[in-house]
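Consider the two complexes below, in which chain A is the common component and chain B and chain C are the respective partners.
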Partner chain A sequence: MLKFLSLRLTTSLIALAGVMVIVFFLARLTGSPATLYLPADASVEMMEAFNRQFGYDQPIPQQFAQFVGNVLRLDFGQSLYQQRPAAVAVLSAMPQTILLAAVAMALTLLAAIPLGTVAALHPHSVQDRLITLFSLLTASIPDFWFALVGVLVLSVNLGLLPTSGQASLLSWILPVATLMLHPVGVLTQVVRGAMLETLNAGYVQNARARGYSWKRLAFRHALRNAALPIITVAGDRAGGMVNGAVIVSAVFAWPGIGQVLVDAVYNRDFAVIQAGVFVVGIAVILLNFLVDLIYAAADPRIRIS
Partner chain B sequence: MINLSKSGLAWTLLAAQAGLAFAAAPALTAEGSIILAMPAEPTSVDACDDSTRANARVLRGNVVEALTRLDPQSGAVGPLLATEWSSPDNKSWLFTIRPGVTFHDGTPLDAAAVAFGINRSMNPDLTCQTLSLFPTKTTATVESDMVVRITTEEPDPILPARIAYIDLPSPKTPEAAKSDTPIGTGPYQFAGREIGQSITLSAFDGYWGEAPEIAEATYVWRAEATIRASMIKTGEADIAYDIPTHEAEGQANAQQYLTNGVFYLRPMLQKPPLDDLRVRQAIASSIDKATLAEVLMDNSGTPTGQLVTQLINGYVPDYTGMPYDLEKAKALFAEAKAAGVAVDTPITLVARTDLFSGAEEVSQAIQQMIQQAGFTVTLKSVDTVGWSPWARKPDSLTQPVNLLTSSHNNISGDGSLTFPNFLGSGGRLSVVDNAELDAKLAAAATASGEDRAAAYREIAQYAYDQELVIPVAALQGLLLTSDRIAYEADGFTDIELHLSDVKHKQ
Partner chain C sequence: MYLTQPIPASPASTGARIKAYFAQTRLSLLVRSPIALISALVLIALVLIAVIGAPLALETANFQSLRLRFFPPFSLEHGWIYVLGADGLGRSMLAQLIVGARTSFIVAGAAVGLAAVVGTSIGMISGFVGGWVDAALMRVSDIIVTVPSLLLALAVLFVLEPSIFNLVAVLAVSRLPIYLRVARAQTLELRERVFVEASRAIGATNLRIIWRDIRPLVLPTVMTVSMLELASVMLAAAGLSFLGVGLQRPDVDWGTIVSEGREYLTRAWWATVFPGMAIVITALAANFLSNWLRASGDPLQAGALAAATARQEDALK
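Then we have the complex of A and B:
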């Protein structure tokens, strides 16, 4: 297991290094930030002074060499837009992102596992059809639309929740619901499918014939055997929540890494783009590690192999 | 000797007592707080960068102030931190500094502080955004304790108007680096910033002018217009900027205001077919500005034929531009084709998507309209950075033939911040190379008063007649206010919102 994890770590770091190199060059291909940060009629001298000040006048290979040297010291440079170290800009957004993702994923699992299991226990019943309809709807509704309609109905019309910001605990409800929307639908279907397959397995039918209750069978035995695909999809969705909660950030002004990265791209804030990709990359690597460990805990065969 | 009766003496004593009580009474103190929902966070909070909308809306007139101020209705220059000014010769100006003014850090405002602020803004290595407003090298020196001399390399008759854009920071501000905690002389001081979330300003007790009514203002950033409007409806905010018309329907406190911004097309004049006047006239005739403004711009613009608004001295009264006439456009297209002009050459419509809400849809409609006249138009959507090489020299001169979408905002009152940039052969955003026009621009730059206005009007009329630029719509803004406060939008609201103009509703 340790050897496997070491190999995973090595390949993940190589992939991260590759992504960092690609991001560095792609970012530079989008043009100099001077055109964005200076007025449209800025003189050539002003543009040159700007590029000189931030090192964009250097040849790209030289900029890259400097970038590599700095990254090895975990120095990503200064954010043009935020006017503070890029690493600080990114790291200050991560706790909110991770907390929001953790809450949303926990609630997603708490909703999807029982719903999917109930649907699998009563295939083609009214419950199954209702749960399937619910999961298809949540997986299909555009999250952007859901967020805005949520604000209009729950905040403007009913006055139950704040529109945005983080003024109180109530401020969490709409962002968490928006973030859960797609994962809860997808995971419910995954749980249903995995449980149906497991519940139809011979050992379950055998146990059923020996008088075990469906409830005990489902939640004690079948669910554990159906866990692998659920863990896989949940891990994938959790990664998406960490690096992709852009809608939540944009609509609810949630200070997450998604919005920081999108702003950095629009503002040609190369240092923040690079720091953001690095930090999100590390977060995804750690998440994958966590998923591997959960795999091993859920299925002893994985530890042995 | 004055004789007073008993009752007269009593009244006199009462009056004296009342007078003393009035004199000893503390100035009215600011109270309450407001929240402003803004679409974008400032890119810089340094005083020398506050010529852009996002920066100026927070800082200008609130935290930092300049020597002069332009009147939002007339564009006339008025005193602010300078009480008077004069020009001893055509290359220098003397400004007398207002006495009794202190910065928020307690530093007194004097000529040395003013010279520091102006020279700091002019430092090319600091790349201040306000620097591009000055066409000639400008330096400030101390003439006496309270008089500063500003010298320009070339004559600048409108320097007092231009200097209204140089907001003065405390002399303790770093000279060679941008500041993230602006310290000025304004009615509000910078109280704190949570990057990505908010900026808070609090009333400055030692302000030299009339004390503001509102004690604290917090600016929050909400990119979505629906959310900004919703914050007013739910009472979470008191002022919300840049609201689309449909979000303001039924709102009693909605205010529309002119932004002084103009959306226009710039034909690439160096290459066929846009080097031909008939072709440019055909394009101008094919654009149905009224429909664009009403339907696609959701009434956030009004059709215009001019690059500047009434506030600017180059505005041509009653001129509305070439009217929409598709048949005429087709006829001009046919005429140019018959004369051998390469009208079939594909024209790239460079559509900058971030000019205003719905800019991309408007560009698509313009593409369709021009194509109806017979042209082949391809649409290229770009953001600001992608737009730059099409817009700015020297790259703009080597691009394929194109129509560039752009917007221009001039609130200086003077045409010198518009016409040289767009029509002069040396203008960074100009694709015009016309010696006669250059001479007219040079003459206008040194003229003053009505001569200057007439010179810019003549230049503008020539540019419109030649379709060197094709103005489409004057842009309008819309803001919402809550029931708790009173604020009246003016000609500068789009770029400056003075918190001292915000009052508690009685």
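Then we have the complex of A and C:
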């Protein structure tokens, strides 16, 4: 267990170092970062002053060392658009996104586990085919288009839901549905596959022979043992929900990390983009660590080893 | 057997083997599965429309007409080219969709192809060589996975100019890890097989073993993954264009058209709905096909394995 966690921690630290290098070279891809950090109409003198102030006139290795120091102090510079430190702008938006993603992930699991289980209990039946069709359909619909059509039909034409904002519980429906769109299909198929395997295992067949109900079979015996792949993919998709959050904010003006990043792109606010990549990278690393802990909780073999 | 003796060619057995191989490939199976067949035909038709139709439709797609602003769909009043209506500048939706089809297919196809070739090569080398090379390559893959793909693409495309090449490169890099892992996992298993050992015994170099023995067996899985990826890469590319960091005029793909249509969503639903439907139809066809490829995956893999084993036996005779 400790060995497993420390191994994962080491790989996470390497990944973190990699993320730092990516963030550093992002600024270096087009020469001086001054063109990225300063407004488009900045004068040559302003650029030179900027380069001197932040040490961009020094050799690259020295710059990298300084950059690592800055990043570890969460200093990504000022956000041009928001007039506050970029790290603050990103961090203050994280809770909103985490809340939205948590709601979406909980509902995704609530939908995917029963659907996948039903499909696995009756393989190649009509239900199974319909559920597979549902999964393929969710994987084929662009989330931004799904969101727009949702607004068009439910908000504009039928007037059932608000088009944007967070005023009521109703306004959560479309953003959460948009965020769920891709994960729910994938997870349903993962649940189906994992359950198919465990339902055919000897101990489940034994329990069936003893006359237990299918509910008990599926949820007490099979699901617990099918949990590991489901947790892995759910964790993976939870990290990917940042992608969905960007789309949700672009369509519904939903506050959160997506909104901050989209604003940063439209206002050419580079410091925020950099801080965003770093903070989200850390968040995903933490999420992976959480998944490892859940792993250990779900599987005694990992706890003991 | 002696090396001085020429190996007798046996056309009959080779012919029979080729026949048996084709019987086991999915082409004969494809015909028997209606959904997969329809999906394949839809994809072929869309590619043909993109290749042949786009140059023809280009001029019409850029033709603006104030009189035709927000011309509603399903009316033949102004000819069949306006059957899907016109956008806010009076441009034919149908013509734009055809032009957008070409860009969407080029971007998705090139990104998937690039990621598949590079990812599979690295994965096979990584799995075959092992050691620190393998460890280092896997860490690089971990790093790519750590940063959400859309965020990475957003950040890189923010710094670089929006162009087809940059879009393809960013999408390809963010999709590398899948191929890397699939190819590596299969290689790890295959390198322990007897036929690899046999190749090594007759003095084949590592590169030759990877190319002649391992690549043919990894390829079917990679093809299935690629088909699955085609749909998701197409969605990802459209998403980036929708956010304004993918393609920009004069280059259009279906995502660009949706983002333009969105500006008058309440006024002209068709400018948003139709390009999205084009994406859904393409992605659905690709997903059906890949789902079927996965389900029918075993026969071909068995076939490929049989063919490879037969070749190795020939080499050893």
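List of remarks:
Just so we're on the same page, the second predicted complex is superposed on the first by the 254 of 305 C-alpha atoms of A that agree within 3 Å, B and C clash if a C-alpha of one lies under 4 Å from a C-alpha of the other, contacts with A are read in each partner's own complex, and residues count from 1 in each chain.
Please note the rule applied: a residue touches a chain if its C-beta (ideal position, glycine included) is under 8 Å from a C-beta of that chain, and two chains touch if they have at least 3 such contacts.
What you see is a predicted model; the values in this text were computed from it and never measured.
Contact with chain C, but none with chain B, is seen for A:142 once the two complexes are overlaid on the shared chain.
In the superposition on chain A, contact is made by A:42 with chain B only, not with chain C.
By the document's definition of touching, both partners, chain B and chain C, reach A:250. Of the two partner chains placed around the shared chain by superposition, chain C is the only one that A:242 touches, whereas chain B remains out of contact. Using the contact criterion defined above for the overlaid structures, shared-chain residue A:266 touches chain B and also reaches chain C.
In the superposition on chain A, no contact is made by A:65 with either chain B or chain C. In the superposition on chain A, no contact is made by A:13 with either chain B or chain C. Shared-chain residue A:170: touches no atom of chain B or chain C. With both structures placed on the common chain, the touch criterion links A:156 to chain B and to chain C. With the contact threshold set out at the top, residues 30, 36, 148, 151-152, 156, 250, 266, 268 of chain A are in contact with chain B in one structure and with chain C in the other.
The part of chain A that touches chain C in the complex is made up of residues 11, 14-16, 18-19, 22, 26-27, 29-30, 36, 132, 136-137, 139-145, 148-149, 151-152, 156, 239-240, 242-243, 246-247, 250, 261-262, 265-266, 268, 270, 273-274, 276-277, 280-281, 284-285, 288. Taken in their complex, chain B has these residues touching chain A: 43-44, 51-52, 124-125, 127, 129, 131-132, 178, 180, 195-197, 220-224, 226-227, 230-231, 233-234, 236, 383-386, 388-389, 391-392, 406, 421, 427-429.
Residues 30-33, 35-46, 49-50, 53, 81-84, 89, 92-93, 148, 151-152, 155-156, 159, 162-165, 250-253, 255, 259-260, 263, 266-268 of chain A are the ones touching chain B in the complex.
Contacts from chain C toward chain A in the complex involve residues 139-140, 142-143, 146-152, 154-156, 158-160, 231-232, 235, 238-239, 242-245, 255, 258, 262, 265-266, 269, 272-273, 276, 279-280, 283-284, 286-288, 291.
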